[in-house]
Each structure stands twice: as C-alpha cells, then as structure tokens.
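Here it is: the structure, laid out below.
Should a chain be cited, it is by its letter among A, B, C, D, E and F, assigned in written order, with residues numbered from 1 in that chain.
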Amino acid sequence: MAALDRITDAHERAQVLAEALPYIREFAGKTVVIKYGGHAMEDPALAELFAQDVVLMHLVGINPVVVHGGGPQISELMQRLGKEPEFVDGLRVTDAETVDIVRMALVGKVNREVVAAFNQHGAFAVGLSGEDAGLLTVRTRDPRLGFVGDVERVDPAIVLRLLREDLIPVIATVGVDESGQAHNVNADTVAAAIAGALGAAKLVYLTDVLGVYEDYPDEASLISRIDVSGMERLLAEGKVGEGMIPKLRSCIDALAAGVERAHILDGRVPHALLLEFFTREGIGTMITRDADVATGTGGAA
Amino acid sequence: MAALDRITDAHERAQVLAEALPYIREFAGKTVVIKYGGHAMEDPALAELFAQDVVLMHLVGINPVVVHGGGPQISELMQRLGKEPEFVDGLRVTDAETVDIVRMALVGKVNREVVAAFNQHGAFAVGLSGEDAGLLTVRTRDPRLGFVGDVERVDPAIVLRLLREDLIPVIATVGVDESGQAHNVNADTVAAAIAGALGAAKLVYLTDVLGVYEDYPDEASLISRIDVSGMERLLAEGKVGEGMIPKLRSCIDALAAGVERAHILDGRVPHALLLEFFTREGIGTMITRDADVATGTGGAA
Amino acid sequence: MAALDRITDAHERAQVLAEALPYIREFAGKTVVIKYGGHAMEDPALAELFAQDVVLMHLVGINPVVVHGGGPQISELMQRLGKEPEFVDGLRVTDAETVDIVRMALVGKVNREVVAAFNQHGAFAVGLSGEDAGLLTVRTRDPRLGFVGDVERVDPAIVLRLLREDLIPVIATVGVDESGQAHNVNADTVAAAIAGALGAAKLVYLTDVLGVYEDYPDEASLISRIDVSGMERLLAEGKVGEGMIPKLRSCIDALAAGVERAHILDGRVPHALLLEFFTREGIGTMITRDADVATGTGGAA
Amino acid sequence: MAALDRITDAHERAQVLAEALPYIREFAGKTVVIKYGGHAMEDPALAELFAQDVVLMHLVGINPVVVHGGGPQISELMQRLGKEPEFVDGLRVTDAETVDIVRMALVGKVNREVVAAFNQHGAFAVGLSGEDAGLLTVRTRDPRLGFVGDVERVDPAIVLRLLREDLIPVIATVGVDESGQAHNVNADTVAAAIAGALGAAKLVYLTDVLGVYEDYPDEASLISRIDVSGMERLLAEGKVGEGMIPKLRSCIDALAAGVERAHILDGRVPHALLLEFFTREGIGTMITRDADVATGTGGAA
Amino acid sequence: MAALDRITDAHERAQVLAEALPYIREFAGKTVVIKYGGHAMEDPALAELFAQDVVLMHLVGINPVVVHGGGPQISELMQRLGKEPEFVDGLRVTDAETVDIVRMALVGKVNREVVAAFNQHGAFAVGLSGEDAGLLTVRTRDPRLGFVGDVERVDPAIVLRLLREDLIPVIATVGVDESGQAHNVNADTVAAAIAGALGAAKLVYLTDVLGVYEDYPDEASLISRIDVSGMERLLAEGKVGEGMIPKLRSCIDALAAGVERAHILDGRVPHALLLEFFTREGIGTMITRDADVATGTGGAA
Amino acid sequence: MAALDRITDAHERAQVLAEALPYIREFAGKTVVIKYGGHAMEDPALAELFAQDVVLMHLVGINPVVVHGGGPQISELMQRLGKEPEFVDGLRVTDAETVDIVRMALVGKVNREVVAAFNQHGAFAVGLSGEDAGLLTVRTRDPRLGFVGDVERVDPAIVLRLLREDLIPVIATVGVDESGQAHNVNADTVAAAIAGALGAAKLVYLTDVLGVYEDYPDEASLISRIDVSGMERLLAEGKVGEGMIPKLRSCIDALAAGVERAHILDGRVPHALLLEFFTREGIGTMITRDADVATGTGGAA
C-alpha cells in the first residue's frame, strides 16, 4: 500500500517535472536580473528556498544575476555602532563613516550570506560590489545627503565575464563616483540599470506585496499583466502605493532599455521564482513593453 | 476555493521542482547513453513521453545520446516487401537485399521518427547511422548469417562533435566493415560500445520488464542494485531470463570500459527516465562496478 | 622504351596537375552546393566517379554540400510495397504512408549509398535529412497532393557546423512543416534554397542533358554562358525543355539570393565536376548574374 | 638653466626606465602572490604607493594576486560593537558573532579599500573572499577557539579565471568548512597555500621589519638570501623572532609546493615592491629552494 | 655612507618607475608605428639604446611596429659594387640591378641588424619586407626613375598576425607592383601608410633634428604641439625645411587616415622614445588632428 | 574534329586529376620540409615550376616549409665586392664582412626571389632568416673558419605560427650564436634539423643528380628505396659521391629525429615535386627508417 503510494507519488512528480519542460526551454540561455530583498532576504527559511530556486534556474540553463541592497542591515549596524540613522525624504544621509558602514553591511555581511547560501549547493556564486572592475559609476545626488549616488553608468563587462565562466554574480549596490569615492545607491535602480546594460530577458523584483493593484490597497484588484502605457496611467492617477513607485519607474526604464519583461513578485511566497518561471499560473504582476501583444511567453505571461 | 486549489497545486509543483535540484546538479555535464526500444518505442504515447524526458534531460545540462535498433520494424518492412524474415540462433539472416531493408527501416523510418519527436520541442536532435563519419566499424560474424556484424571499433568523434554543438545524437545501429559494406548490428551491444567509447556516466536500457530479478520471473524479487560480481553470479546460476542475457553482458562490458553505472529500466512506465534520474526512489535495476560502495549517487542509487 | 613512355607519361601528368593550380586557387575555401541526381546517381560506375570528384574537391579546399532527391527510388519502393505511384501535374501525390516510404527511400537508402561511396575514401561525409536540427521548414503546397511541401525557410546552422568540422554534408530532401509533419520536397528547389542560405559560390545541377540549348533540342545550340536576363528571355520565348524549367527557375532564385554562379552539367560525362572545376574548357551551361561581365573566373567561365 | 635641469632630469629618468628592462623581461607573464598587511596597509600614504606598485607590476605583464587579513581592523570593529577581542595562544577566539564581524571588517572594509585604491588607476581589481566559488576550504582548528580555520584545500579556479581576464584578484582570508560555515583564517598561511596552488613564481610578505636577521634583533645581521636548509637551521636554533615564525614556515611550505622564491620585505619602505622587482639591489630577505644555486634571477636575487 | 647612497639611489629609481605608471597605463594595448632612420640607426650606441627602448615599450604592453629604409646603406653597397648612385629630383634612379642592391641592403643588411639588436633581449622581432604576404603593393612612379614605387595599397594582415603572436614586426620598405616586380619605396610614406592601415595610436619619426620649428632653422622656435591646420599653414608659408616636407605630408595623411598623433622626434637624443612615451616633458613636435583640443594625453601631449 | 580532341584531352586531364586523389588524401595536413637549391633554383624556368609545385602542394592541404642556402650567390656577391671567396675543407672562410655579404645574398636576394616567385600566385609566402624570433641557434665550428656555425638548437615556434596562419615559411640559413652573432650555416644540415624539430612527414632534397646510386656514378644503378641500415652500408663502403655524403648524413639524422621519409630528388626534372608527391611512379631515392617495411605509403614509396 505504502509502496503504491510511493510509486504514484513518484509518477506525479515525474509529471510535474515534465510539465516544466516548455518553460525551461523558453528561458534557456537567457539572462534574468533579480532584485533580492524584503522578507525573502530576512527570513532564513525563505532565504534558503530563494537560494535553491536561483541555483535550479542556473542549472536548467538560465543566467541569473542577483542584485541586493540591505537598508535594515545598514541601520542595524549603524545602531550597534552608536550612530543614529537619519533620513531626508526617505533617503539615508550618508557621511563618510556611514559609507564605511554601508560597505561593511552590504559587502561584508549581506552579500556574504547570499553567496554562502548559493554555494551550499556547489561553487556557483561570486560576490561583487559595484566598485569592482568599474561596474557601477555614480554621481552624488545632493551634497546635503552626503555620499548617496545616482547611477551614471554601468559597465557590465565583469558580470558578462562571470556569466561566461558559468558563475552567478551577486552584486552589492555600492557605487563609485569618477573620483573613486564610494557611494550608497538605491538597489532597485541599480537592478534596472544592470538589467538594461545586460540586455536581460527579465527583471524581477522580490517584494513584500502580492504585486501591483488596480485599486491599491485592494488585494482583489491585483493586476496580472500590464503594459508600460497602462502602468504610466496608474502612476499618473496616483493609484500606486508610495513604496512601489520607484520600483515601477525602474521597471519602465529597464523596459525602455531593452529588457523584455519586468515582474513584481511576492517574495514571501515560498519558491516564488519557480512559480513564476516554471508553472503555467505564474504569480505577481508582469509589466510588458507596449508593443508586446499577449503572445503569452512563459510563466504567467 | 478553486483559486486556493490552484495555488496549493502550484506550490506543490514548485516544491517538486525544487526537490529535483540535487539530481540535476549531480548529472550536469555528464553523458548518458540510452538504448531505446521495446514498448517505449512502439507505443506512440510512451514515445512522446520519452521525447519529453530526453529533451528535459538535455535542457537541464545532461548530454543524452540515444541508440536504437528496430527489429520489428525491419521484419514488418521485409514482409511488406514479400521477403520472409529468417533467423538462426535468434540472429536475423541478412543478405544484401535485407541490408538495404535494414537501412530503410532503421535509418529511413525509426531514426526519422525519433528525431522528429525530439525536434517537436526545438532543433535539438540529429540522426546518425553507424556508417556516418566512421562511427561504427564491424566485422562479419558468420558468413552463413550474411551481413550481420560484431562491433570492431567505435570512433566517437562525430558524436563528440555533435554534443559539443549542444545537439542530441540519435544513432541507428548500422555499421560498416573495413571494405565499406553495411551490416546489421545488435543495438544492445552498440549502445554499450558507444557508452564505453564516450566514457559515459550512465548506460540505460529501456526494456519491457521491471528490471533484473533475483528469482526470475518472480517480480517480487526485483533487484534494485547489484554489482558486477553479483551479476556474474546470477548469470552463472542461470537465473536470468534468456532475452536479458545479452543486455547484461553488454552492461558488464560497458562498466569494464569505464562507464560508471548501467541501468535496466522498465520503458513501459511513463516518464521512466525522469523517475530514474530526478527522484529519490529511482526505478529498475542499477548495476555498479565492484569497487563502488553504496555511496548513493543520484536517483535510486 | 617502356621506361621512357612511363616517364613521359608521368611528366605529362605532372603538367596536368600543375595546370589545375589556378582553378584550385580560385575555389579554395568556397562553398559549392551540388544537386546530385539522374544517371550520375543511378549508374554505379558514374556514382563512384562522382564520389571521387567530390572527395577530391573537398581535399583541395572546396566545401562541397551534396543535395539529392530520389524519385525513381521512391517509385520503386512504393511498387515493391504494392502501392501505385500517382502524380498530379507531375507532382507525386503523397499520403501519410507515402511520406514514410519517401523517408525510407531517400534517407534510408539513397542517402546511405551516397554517404557510403564518399566514406570509401575516408571519414568525410555525414548524412542529413531536412528534418535534422531544423534544417528545412516547408508549408503544404496543396492539400490535394498530400504531404508535398514548398520550402518556407532554411536554417543552415547544422550544415555550417558540419562544414566547420571539415565534413561533407549529404542532404536528403525531406522537410517538416511547423507542426513537425514530414513532407516530400522537390530536390532542385531545396538545392537552390540551401545554396542561397549558405551564400554558396556555386550551385551545380548534375542532369542528363548537355546543358541549356539556344534552340531546344538542337545539341549544336548548347549555350556555354548566359546571364539571368538572357535566361528569362529564353524562358519567356518557351525555348526551354519542360523538365528543365524548374531547375532554371531555381538557378535564377539562387543567383538572386547571392549565389555567384549556377551550372547545368551533364552528369553522364565521367568526372563532370572535375572538368567543370579544374579545366580551362569547362562543360555545360553557366548562368551568371546580370551584373557579371565576362571576367572569366575559372572553369568554363 | 632650469630647462637644462629639466632635460638632464628627464634623461636620467629615461635611463632608470631602461635599466628596469631586464627585470621586466624576467617577470613577464609570471604570477606573484603578495601578502599585504602591517604599516603598508594601515598608513594611507604607503597604501597609495602600494597600489601604484601593484598596478605597475600588472601593466608590465606580471600577474599579481593580493592576499590580506586585517587583525587590527577586526579588533577595532569588535570594540566599536562593544565586544572585547579575546585571544588564546595568540589566536582570536571567534564565535558566530565574531565571524560576522570578521567578514564585515575584512570583506566589507579592508578588501573594499584595497580594491578601491587599485581601481583609482583603472578597472583592474576584483575583490574576492575565500568563500567565493569554493576558493578556500578550511577545517576547524580547535573547538575552543570557535570558527578559526586551518587551510584544508585551495581551489584556484576563480583566481585563474580572473587572471585570464587580466584582472587583479584581491582576496580576503575568510574560508568555509565543508558544511559551509565561514571561518577566520590566518592570512600568512592562506597566501602561501594560494601561491602553491597557483604555482606562483614568487610569494612576497610585506612586513614591518627589514627582513630576517642572522642574529635577531641585530639589524646589521639582515640576511639577503637564504635557502630552505639555512632557514630550517635558523628556526631550529631559535634565532627567529616570535612573530616571524609562522611567516617563515609558510614560506617553506610554499617553496615545497613549487613556488620559486619567497620574500620577506619591509613594507614601511616606500615602493618596496618596485625596489625588489625592478632594481638590481633588491631589499629584504629572499628564501630559495635548496636546489637553487645563486643564478641571480632578478631583483636582489 | 656608500650604502646610504645606494639606498637613496634605489628609492629615487623606484620613484621614477612609479611616475611612469600613468603613461604605461595610457598606451597599454596601443599600436605605435616608428619610422627608424638617421643617426639613431647609424650610430651603434644609439642603435642599442633604440633597441632597448622598443623592447621595453613592447614589454609594458605597447605594440611597436618598426619601419625602416636605408638610403646611405644602399648608396654604399652600390658604390662597393662599382655602380654610381644617380638621383633625379632627390629620388634614386633604380634600374633592375639597383632593385637587387636595394633588397640586399635593406632586407639583407639593415633589417637583419635591427632584428638582431632587438633579439639580443629575447625572441621578440621578426623581419618583414613589403614583399611578404602581400604587405605592400606599389605602382611605378615615373618610368624614367625605373623601379621607384608609390604606395598603392597596404594589406596589414601579416603585421596583425605577428602582433597577435606578440612579436615586433620590423619592416623593410621594398614593395611589389601588381606584376610582382619589386620596387624601392620611400620609407617615410610607407610608415604613414602602414600606420593608417593599422589604425595606429601614434606614428613616430626618428629624425636628426629637434622637431619642427616655427622659424626654421631657429632652434629656439621649436614647436611642441601643432594641429593639422597649423601645420598646413606652416607648409603654405614655406617655413619648413626642405627635407622635412615629405615627413610632414606623411604625418598629415596618417592623421587623416585615423592615426591619433604623429611625432617628429630627435633620434640623436639617447632614449628618445622613452622620453616621449614615459615622461611628463616629452620631446620634439607632436602633430594632432584639428578636432583634438589640448586634452594632454600622455607624454609631452 | 578539333572539338573532339579538345574533349578527349579534357577527359584525360580529369582522369589524371582523379588519379592524384589517394596521394592528396595521404599527405593532407602533413608538414614537408624542402631543401631548395642547385639548378632548380638557378634556372628561372625551373624556379617558376618549383614555385607552382609548392603552391599547389600548399593548396591541396600539405604544409610545405622551404629551406635554402645560396653558395653561388654568396660567391658572386663577394667577387662583385672585390673579395675573393676562400674555402678550407670545402667550407667557406667567413669573416665579419663575409657574414654581412652572406646575409645580403641569402636574405636580401635569394630569399626575396623565392618569396616573390611564390607570391606571384597569391599572398602565400613569408621570408624568414634563422635569426628571426630565435629560430636557429648555432655554435662556431672552428675559429679558423670564422663565423661558420653548426646547428645547436632549433626553436620552431615561429615556423609553427606561420603554418598555423596558413603561410609558407621560406627560410634563409643564417643562424646566431648565444651572443647574437650571425653565422653562415650549411643549408642541408639546417633543413634536416628543422624537419626534425617540426616532426615533418617528409624531408626532400632537390639536387642536381638522379638520386643515390648503388654503383656510383652508374645511373643505371639508381636506388629507388633504401632504409637507414642500407644507407649506412653504402656510406661505409665508400660508394657514395663526395658531395652527397653530408646530405645523406642529414637524412639519417632527420629520420632518427622522427621524420618519416627522406628523399633525394633530381631538381632538374620539371615538376619534380609533383611527380614525387602525386604520381604512382615517384622519382629519385627514398630513404626510410629501418622499421619501415614496404607498406608503400604514397608517391614512389
């Protein structure tokens, strides 16, 4: 009886694998930039599932590139070091000492943990900072904020080299200005800029919401698919939650720069990436270029 | 309610995919030779599942090489052409006209159908005959049998070239002797010889039985795992079904030539390859070299 | 005395080789598509000379690609299988069973024999069908004819890969439609389409006539060289033999697609290819683009 | 007058460059592992000169690999975080929280600063941790010390990849054990192990002493050149300063593993690397294998 | 005391090396064509310094290409062979016998000596003549002058191949016309044509004057930097010494063909190339394209 | 009538080409070193045929390497320069001035003429001297002879590079000693040393005799084939003409160094190379290793 169960179960599992075939085929060889953050990064169980998902994507032929910030980790380290985080218009005031703390928190802690989680499954990941090999050049946004940078230029050469060597780049969002001074940069923007520079097929944001709502914050109004014009309309109508605005702006920029699809996923859902990439249903909100008619390319598309 | 079901189902499926991770990781980059035949080849529904399985293996980074014969298809074509198949000691008497029919049946029909089934999923497969680019050199076994060949030499260069170009070679088992004369060759033996020449990680036989039995034909005595010594003992004790003997001899030869594992699978089971390669349970009988202690490398291993 | 003869003879032969130098130099590294058929394919002695010629061309640095059909072989197999060939407007009515027979005759018999003849001289040739690796996509011409296809698209990637590996591709003209269904396709058209897709330097038809006549069927009016405009005029004036029309249309298409020269050769002449490629006189009819003034590039040009 | 001075000066400088020619020639294409630390790392002016020297070595064709620890920086960060550094037999007791701090100090701060200093001169350097891509596997030394590791295995693949891409790897000495747990590792030992794994031509320690003394601590007894036997004798006679012992042991290990020369340099001297690599005099102490007779290969050799 | 001197001296030398860093960085990977001639070629001591300079440039990552003529050596060999050199408008009358002498003097003597001087420092240089592998095609200038050629076409393939193999091409300026007849060609013109064909970063003439003068021949009026318009003006005003005119015309042609900078250096100055390439002061006259504002890229720029 | 002749003639020529097939096949990809000299070099008509033969060999896939000296040309230039050639034991006394003349004659004249003859047929050949890129290192034979060298070491890297780029290296036999001093070297010895260093399949000497005689100088006793033991016997018995001895010694050395066959051909015969390489009869004397039984590999073998 148990044996029968076992076999039935195995057969069902084989069938699930077989059903993933068209999606695996579709994404083989494509580059996908994933902005990692929120609960998916803070909850150790979710973080482990995230690592599994990314390694699986890598093994079935996708080229994932992971970009992360780490606001809470920066704040926590500041507080432990007796320095009170200060914000102006939602942006962290970043003096020289804070830049040091940003680097320690992002490069020395968060990045290490992400790389370590991936490498539990093999020698797959290499940590990068935007400072490495000229990856991320920024300009100071506003002297009053200190060393907070806006993306000026992405040189994706080092990322392409690592992808060519079949490695997973994990990028902490510290940038340097022309003088070599390190800056803190918004990770959402960096993810979009890197996706654009790489000509990625997809840009994925792991967030703490279900996706984008037609009628914020009514969860029943979750939008499965929307194009750039629709998104611009939503933004113009003020129907988008405050925190989502910069992500959506970044999505629009990335699509304009040639990225094919952008996704807002709920990182709180276990295996959110696998659900989006390898099942018919997909999850969250997909944003397409205007020209894209509903040709349904993969996942929830 | 249905939505919940849908989501639950999707989550379960994501989990199944995630559970395949260690197996995908283990076999990435390895070459696997699959002897295809029996019901799995004759039943169109099973044939389609087989194609899905092989393409999926290919996409997750395994290098599958498919070897097939086609006895029934040869006999059928002979009969349609008014020529009665004749056998001596189970071997088909093969005169010049029969060689022509063998080529038409194997290269012109079976091979085409296998390639076509794979290429439904993309431009993955290329058909080969043992005659192409010096792949398979044979010597005549016995003049009384006509053009029936024994494997003399395998030159795997063309197979390696196709694998290097990320293609799936599908090989019909026609060989040529030194004079260039085509011969019919036993597909089980060819599969083992090619696996040995390629240094394959696995050699898999798709058959019409559950596997090898301790106590033939008692299905309850199915052996999950056995090493070469054990297999030699079984063979010596005459406990193996007649039809299985040449396959098992070929397995032993392939293991001696450096292949890591040989498998007798039941091709009548849907997705037999996925079950063996990507689930914990595995199926059928695995034959290992004597030196291999039970280190449990993948699948049912 | 005999010794003197021998030496004189040897010297003359050395001189013949030396005189081939400018032609060998001219064609080195160029791709040449040869449509093989007619007597040159049916007569075993001519077939062996053809194999020698192609292998020699290959060895002196030309990249030959051989394309063949096999109408008589298809009809013969049909008849042996008790199926009467049926034609509408000269096109074979091709039901599902006939497609199977086409594949057996072309891929399983003719293609095998051509590959075997080449490989008598070394491991040079690999058989391909238009079904392999997406080489030949067709659309159904007319439902009443069944599975008869017109060329929709050529993906020359697999041919280029084989050429890169220094192999001679031998292509049987079976194509598949978008749904994966195999079709019979006219080999003359396929040869031209492949020559165009490869950007071949020459497209050569081996036929059973001397070439194109100014005044069909007056052999004295054989045309050595004609450009596309001249050919269009001949066709418009109805001066071309029925069977030659599709070949000439294919030539014109290939020249429009970038092929430099097209040739109608008499395959009944021993070593027809060597005569055309490596001697001053050349044979048959050469068709050039209109822009080509008589700059006399090699062979009979 | 000033013009004459200017020209004379320029000519002298041209001559100095010309005199570096034989040394540049000698080291072209060779890999050199530099253990960076001490004053050369802590003093910003020396750090800038160090960066210039390494970039210059890189530009004239040497492959430098920089390895660093950062004990003082770890202690400082611990203290800022209210955690008192504790040592047993000179080794830092490293609990889980301390490992985190080690990573933040080494990977997030020191490594960043070294990479940034190099990249002031171009996009040359990429920061690595021993955790990246399986570079550094360790085993726990002693449970009482916590996560302090001994080098178990070096996989230099990622370093070789970066060198192949003409980049300068800068390695922070954090390692992982088989379970994936990060450990603090002694940087002197890591440098030697990496030099051995890379088959480096030279291993260079930048220290805060002149070199090795015959008669410690008598500076007049500085040894310019010594072989392994001589060094073993010095160690046996207890004539070596406490802090130097592990460095010298590492040198001996590296020479046994195939490194050609090991050097103890005084990192307090401006341009210490250029002096050693590109001038006749050289500085510090060079340690050679026993077999090496004084063939004078480069620098002070 | 002497020891102190020695160390001070070494430190100064290290500093000189360090100061070359920005120039080495700037020219890394760039191709520089050097027209070699005059005293720098005739004086053995200067010739040895020239060899050192070029090898050093090569080792720090520059791709030098050396072009030379050898008028005096041709005249000398002619006279030794009892043949009186004859000139028309400053051009050597070159009959068939003289062409032979030109080849012996340039290819058989001068070229050999330059190659030998370089290869004293390693296996770096390969001698070429413009006749090799189609490098230099010329047309006869004037039948009365005999075999004196003007550059018709440069095929830089063989030079690029040698650079790719990390070798220094040393080119004697003998060219061939379409019929294969060797001609004597002006080396200044050839250097410019090769620089243009290679897309060189710099074209350098080693001459026997300080550079170009505003007020010829007043040495105090030496021009450090001038653009093409300025140079055209100077030429129009007739302010340029007779012998300099063809060099300057060649510079202007090379700049028009894409070369970034042209230099007239004084080859009588020891290490003239190092002074120009690796010191702040630079020497001689630099000619820039009009569009180039004074962005000061390297050397005296 | 004439037309018939023409066609018959063309067919015969096609047949001659076809008969060369097995020889072309046999030598494809093999390296052949040809010592060029004697009448074949001095007679312009033979020189042109030699160029045709070598270019043809190159085009059909053989890698020819041509080595030449030029004793008569050296003596002639010496005499024109008023310097009397002086010989001791048949070796030219070579003072510093003579070395210069040797270089001018060999590199500046003979080498140029050979390269030019080849390049009449395309951009195939590059001239080299043994001085280029460390190709030929020698030691002084006897101070009394001056700069006459014996081969000390061959570094075939530059030759292999040129072959890899599909070029024909033409080598003038000037070598350098360790100090960089140029020396005159015997071209027969150099050819053998280079053939050995390249692992050539054949070493061919073009001479002014029919080959080696059993009974010198009886032409009827010409030996077609002999192995090393036989040759040693001939030499021991003093049956070999004086001038042939060093050539035969060089052949024996080359065979010992791994060359497969050595040939003494009569360069006075038009197309001697084609006769030997591409006709059944072959010409001259072939010398084989002792182990080689008469397996008849190509040409006169």
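By definition in this document, a contact is a pair of C-beta atoms (placed from the backbone, for glycine too) under 8 Å apart; a residue touches a chain by one contact, two chains touch by 3 or more.
Everything numeric here is computed off the predicted structure, so don't read it as measured data.
Give me the chains shared as neighbours by chain A and chain D.
Output, common partners of chain A and chain D: nil, no chain qualifies.
Over half of the residue-numbered contact pairs in common: that is the test. Which of D-E, E-F or C-F passes it against A-D?
E-F
Would you mind pulling out the distance in Å between where the CA atoms of chain A average out and where those of chain B do?
42
Report, in whole Å, the distance between the mean C-alpha point of chain B and the mean C-alpha point of chain D.
Centre separation, chain B to chain D: 55 Å.
Roughly how many whole angstrom separate the Cα centroids of chain B and chain E?
Computed value for the inter-centroid distance: 67 Å.
Could you say which residues in chain B touch two or more other chains, in rising order?
Answer for chain B, listing residues that touch two or more other chains: 122.
Graph of touching chains, which shape: line, ring, star, complete, other?
If you draw each chain as a dot and join those that touch, you get a single closed ring.
A student should be able to answer this: under the defined touch rule, what is the ring order from chain A, with chain D coming next?
A, D, E, F, C, B
Give the list of chain D residues in touch with chain E in this complex.
Within the complex, chain D contacts chain E at residues 6-7, 10-21, 24-25, 28, 49, 52-53, 55-56, 59-61, 121-122, 269-271, 274-275, 278-279, 281, 283.
Spell out the residues on chain F that touch chain E in their complex, using ranges where they run on.
These residues of chain F touch chain E: 77, 80-82, 100, 103-109, 111-112, 115-116, 119-120, 123-129, 131-134, 155, 157-158, 161, 165, 167, 174, 176, 180, 182.
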